[in-house]
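Following this line, the structures themselves.
In the two complexes below, subunit A is the common chain; its partner is subunit B in one and subunit C in the other.
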Partner chain A sequence: MRLERHLAVLRANLRLSFLLAMQYRWEFLLDGAMSLLWTAAAIVPLYLVFEERPRIAGWTYGEALLVMGWFTLLDGLLKGAINPSLVTVIEQIRTGTLDFVLLKPADAQFLVSTARFKPWRLLALGASIAIFVYAFSLLGTGPTWGGVAQALAMLAAGIVVLYSVWILVISVAFRAVRIDNLRYLFEAVFEAGRWPSTVFKGVLSFVFTFVIPLALMTTYPAEALLGTLPWERFAAAWAGALVFAAVARGVWLRSIGSYTSASS
Partner chain B sequence: MHERTAGLAASLRSVFRREHKLVKAVDGVTFSIARGERVGFLGPNGAGKTTTLKMLTGLLHPTSGTIDVAGHVPQRREAAFLDQIMLVMGQKQQLIWDLPPADTFELNRAVYRVPRDRYDATVNELTELLELGDLVKKPTRELSLGERMKCELVAALIHQPKVLFLDEPTIGLDVSTQVKVRDFIRSYNERYGATLMLTSHYMDDVAALCPRVIVIDKGRLTFDGSLDELVRNVRPEKRLTLHFRGDVGDDALSPLGQIIERSEGQVVLQVAQSELAAAVSRALATLDVVDLTVEAAPLEEVMSELFTRGRAARAREAGREPDEAE
Partner chain C sequence: MRTLRTLPALFKVGFVSALAYRAEFLVWMLTSTLPLIMLPLWHAVAEQAPLAGFSQGRFTAYFFTGFIVRQLVGNWASWTINYEVRSGALSQRLLRPIHPIWFYATESLASIPLRSAFAFPAAVIALLVTDTSNLAHDARLWAMVPVAIFGAWAIGFFAHVAIGALSLWMHQSIKVVEIWSAGFFVFSGYLVPIAVFPRWLQSSPHWMPFEYMHGFPIDLITGALSVEQATRSLGAQWCWVGILGLVTVALWDRGLRRYGAFGG
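Our next item is the complex of A and B:
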């Protein structure tokens, strides 16, 4: 019954998102086209850097492209499935219409997380597959089935972390009300995920592994595809992802408890 | 809550140092409402009405005390509880701005798991009662305020809630739409036996809908009883309106009661209940009366007098105990 209700809500929200996408189809098509353009443009610096040197921090151009592929996929997911809801909920907190979400007989975190999607961003999926194919053609090999399975499992962990970070950002919105800056900061930091994590040294390396684990989101899946990701690291990453999810859930529940709404 | 005085300097100060003050929005309010009752919830601005409604619907968590609505603790937000209640807010809307209201209805159908046939029947019935017709298929942003409010009501009632909280449902609406919404709310209550709790600044809403009223002021309960009783308590005097022929001087009228309004051939008098019979017979004997009506004081006046008394009482209390800040 509970699951059924939540699935029905998800279906209804997806339907609404498609309707909205149709309503403003030019905006959304342009949005999709722009994201493809940005992906193509983002490969340029990578190409330029590798033209100077064959290897950077142990990565060849082809290998680094795999990281780029996962980044493109996650970026599409972030902007297509996560950010639209985030923008919606922040607005709801500010205007107090989050009241209506909390009045609904379903898990509030679920309702808030599935509020809005941007279907055109799914184009990123196609772009990332194209990058993977190109990268492996440069490398002259292909991934093993085991590697693909491990990479997908790693991607799932990456999504869990990305989503948890996002829930934490919203929780801040309950206290700070307006957090546009925090959102931009997060997006800017996320951009670093397009580089293999070993490129970063010192403090940055620590931050990108443990605070905002970008390594887990893009570098580990790329290593899994290459067959170089040790299983211990894989297990540790999943454990970390679960801790992230649990902390996010706890913080979220506390935030809902202290929600003050906006006055009538 | 965080507060600051208006102005740029104060605003800048508050960026660095916020002054916090604990405000008790609602304090020691106790009441119970029977199933199917229609209750008006009144109080001046900032009395704590909305806060109370939000606690009753589980949106806000009370710091102390207990709340039981339909056998549930609201703040637990159990599905079995939320399935039975709804809060309609005249100043906030749940309709999706860029899509027609019918799409929001569909979303609510999914959330509340309403079977398709029951959903169709409910939506048809509600849209007919509110005379909405095909408006539910127009994007929300193209609807007038009144049309939007009617659609809000439909969206709120798709799951046929048994307990309905209405916070200023008629605010900003023109008089005829107000009447329509009011009639609709009453027929919903009668048709589904739903319990209603309503706040409104329009006393006509309250007079038309609510046999019982609960009044709070500064977060404290100041009255709980029937509307008639409230009027009798606060303003026991009646309004006696006389229409008469001929020229009559004030000296002939003032013995009947206190003159409130005077115009050519008409006077409105305030007369104590106990002296009403005497005043009427005297008027009939001494004046050439064409028409005569006896009414209670207008509700607006009754309420404003009640709130003024409340303020005066608090001022007296504060005077006696200067240490206790309000």
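Our next item is the complex of A and C:
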């Protein structure tokens, strides 16, 4: 019953977002073209680097492209499905209209996280598949079914973490209203996910594995596709993702509990 | 003449407003950490042997200098203008007896003291981790540095104002900014030093404005240029400043004739 209602809400929100997107068809075309351009621009440095060296930090060009493929996919998800909603909620906190959302008879976290989608950004999915095909044609092999399954499961964990980080960002916005550009900061840090995590040494390596687990989001799925991700690391990553999600949910509940609205 | 008299006041306003939003300001600055994220990749590349004359130390010097240069010359005028055209706030600026470009210029320039204060720690770290062999040694080169940095700022500023002026025709020109930024990312030396570009691509950046906004000041500071080369590049840079300046003023004056104020 509850689940059904939430699904109906999700359907309605998706429909609304699609209708809004259809209204701005030019923006759609430009968005699509831009995201292709960005993907290409992102591959250029990688290409140039591997022109000079066959192997960097233990990765060949084809293997590093797999990481880039997952990055492209997650980046599209971030900007198409997660980001728009969160921009909306931060705006609602600032203007006080979040009250109307909180009054609705559904879970508030669910409502704010499905408020808005940018369907065109999901074109990144196509771009990432193109990258995978290109990468595997360079490697001269294909992924195994087991590898694909493991990679998709790893990707799901990555999405859980990504989403949790975002929930934490909103929770900060409840307290410090003028911090709406935090999302740009996260987007900037997220950029580091385009390189295999072995590139980072020392402190950065620790940060990108445990604090902001970018390794889990892009490098592990790539390793899974290659069949080199050990199952114990897979399990540990999933456990970490669940802890992350639980913490985010807890912080969210606390923040929303102490929220006193901007309008009053 | 009247414009000149108001400039100090405009600077003061810009400086105070930057100071008022210092937390937000700091987050904005941290979003341009991409050069520092690129650094570990290049370190991994140069681990065994220097690449195109770039050792690890030289890469460090390059990207730290890049970070600092970016902090000093960054611009966002097109966003402001887009917003003001759409919200109608531009009308108020037009009522004042000074060309609106002056407002945008002073707003951007007045934030430089604060930006320098934030960028200073990066400069100290850079000096600690690299040795001075990666810096220019000729006093004539150092004399050119302020001029080159100001030129870099001016190119970015005029481009932003010109793109902002397009919003007088196009309703919104944020997408054009994105295209400009994509060009910047690839051809300015922001992610990949131009010296590392493959041979067939190496000369084309010299014919675009992007290198003069970023790569050129860095090369100047890190001592990659001879006095003669530097003088030539400085000349080219200021040619771009002139061209873009003329285009910008022309676009504004034509666009304003079409502008029919929204709201009030």
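The rule we apply is simple: the second predicted complex is superposed on the first by the 263 of 264 C-alpha atoms of A that agree within 3 Å, B and C clash if a C-alpha of one lies under 4 Å from a C-alpha of the other, contacts with A are read in each partner's own complex, and residues count from 1 in each chain.
The rule is simple: a contact is a pair of C-beta atoms (placed from the backbone, for glycine too) under 8 Å apart; a residue touches a chain by one contact, two chains touch by 3 or more.
This one's a predicted model, so the numbers in the text were calculated from it and none came from an experiment.
When the shared chain is aligned, subunit B comes close enough to touch A:N13, but subunit C does not. Of the two partner chains placed by superposition, only subunit B is touched by A:R5; subunit C is not.
Once the two complexes are laid over each other on the shared chain, residue contacts for A:Y259 go to subunit B alone; subunit C is not touched.
Contact with subunit B, but none with subunit C, is seen for A:L103 once the two complexes are overlaid on the shared chain.
Look at A:Q23: by the touch rule set out above, it reaches subunit B but stays clear of subunit C.
Look at A:A57: by the touch rule set out above, it reaches subunit C but stays clear of subunit B.
When the two complexes are overlaid on their common chain A, residue A:F206 makes contact with neither subunit B nor subunit C.
Touched by subunit B in one complex and by subunit C in the other is not one residue of subunit A. Looking at the complex, you find that subunit A touches subunit B at residues 1-2, 4-5, 8-9, 11-13, 15-16, 19-20, 23-24, 95-97, 99-100, 102-106, 108, 111, 257, 259-261, 263-264. Taken together, the subunit B residues at the contact with subunit A in this complex read 50, 54, 57-61, 77, 79-83, 85-87, 89-94, 96, 98-99, 103, 106-107, 109-113, 139, 167-168.
Residues 27, 30-31, 34, 37-38, 41, 44-45, 48-49, 51-53, 56-57, 176, 178-179, 181-182, 184-185, 187-189, 191-192, 195, 198-201, 204 of subunit A are the ones that touch subunit C when the two sit in their complex. Partner subunit A is touched in their complex by these residues of subunit C: 21, 23-24, 27-28, 30-34, 37-38, 40-45, 51-52, 175, 178-179, 182, 185-186, 191-192, 196-198.
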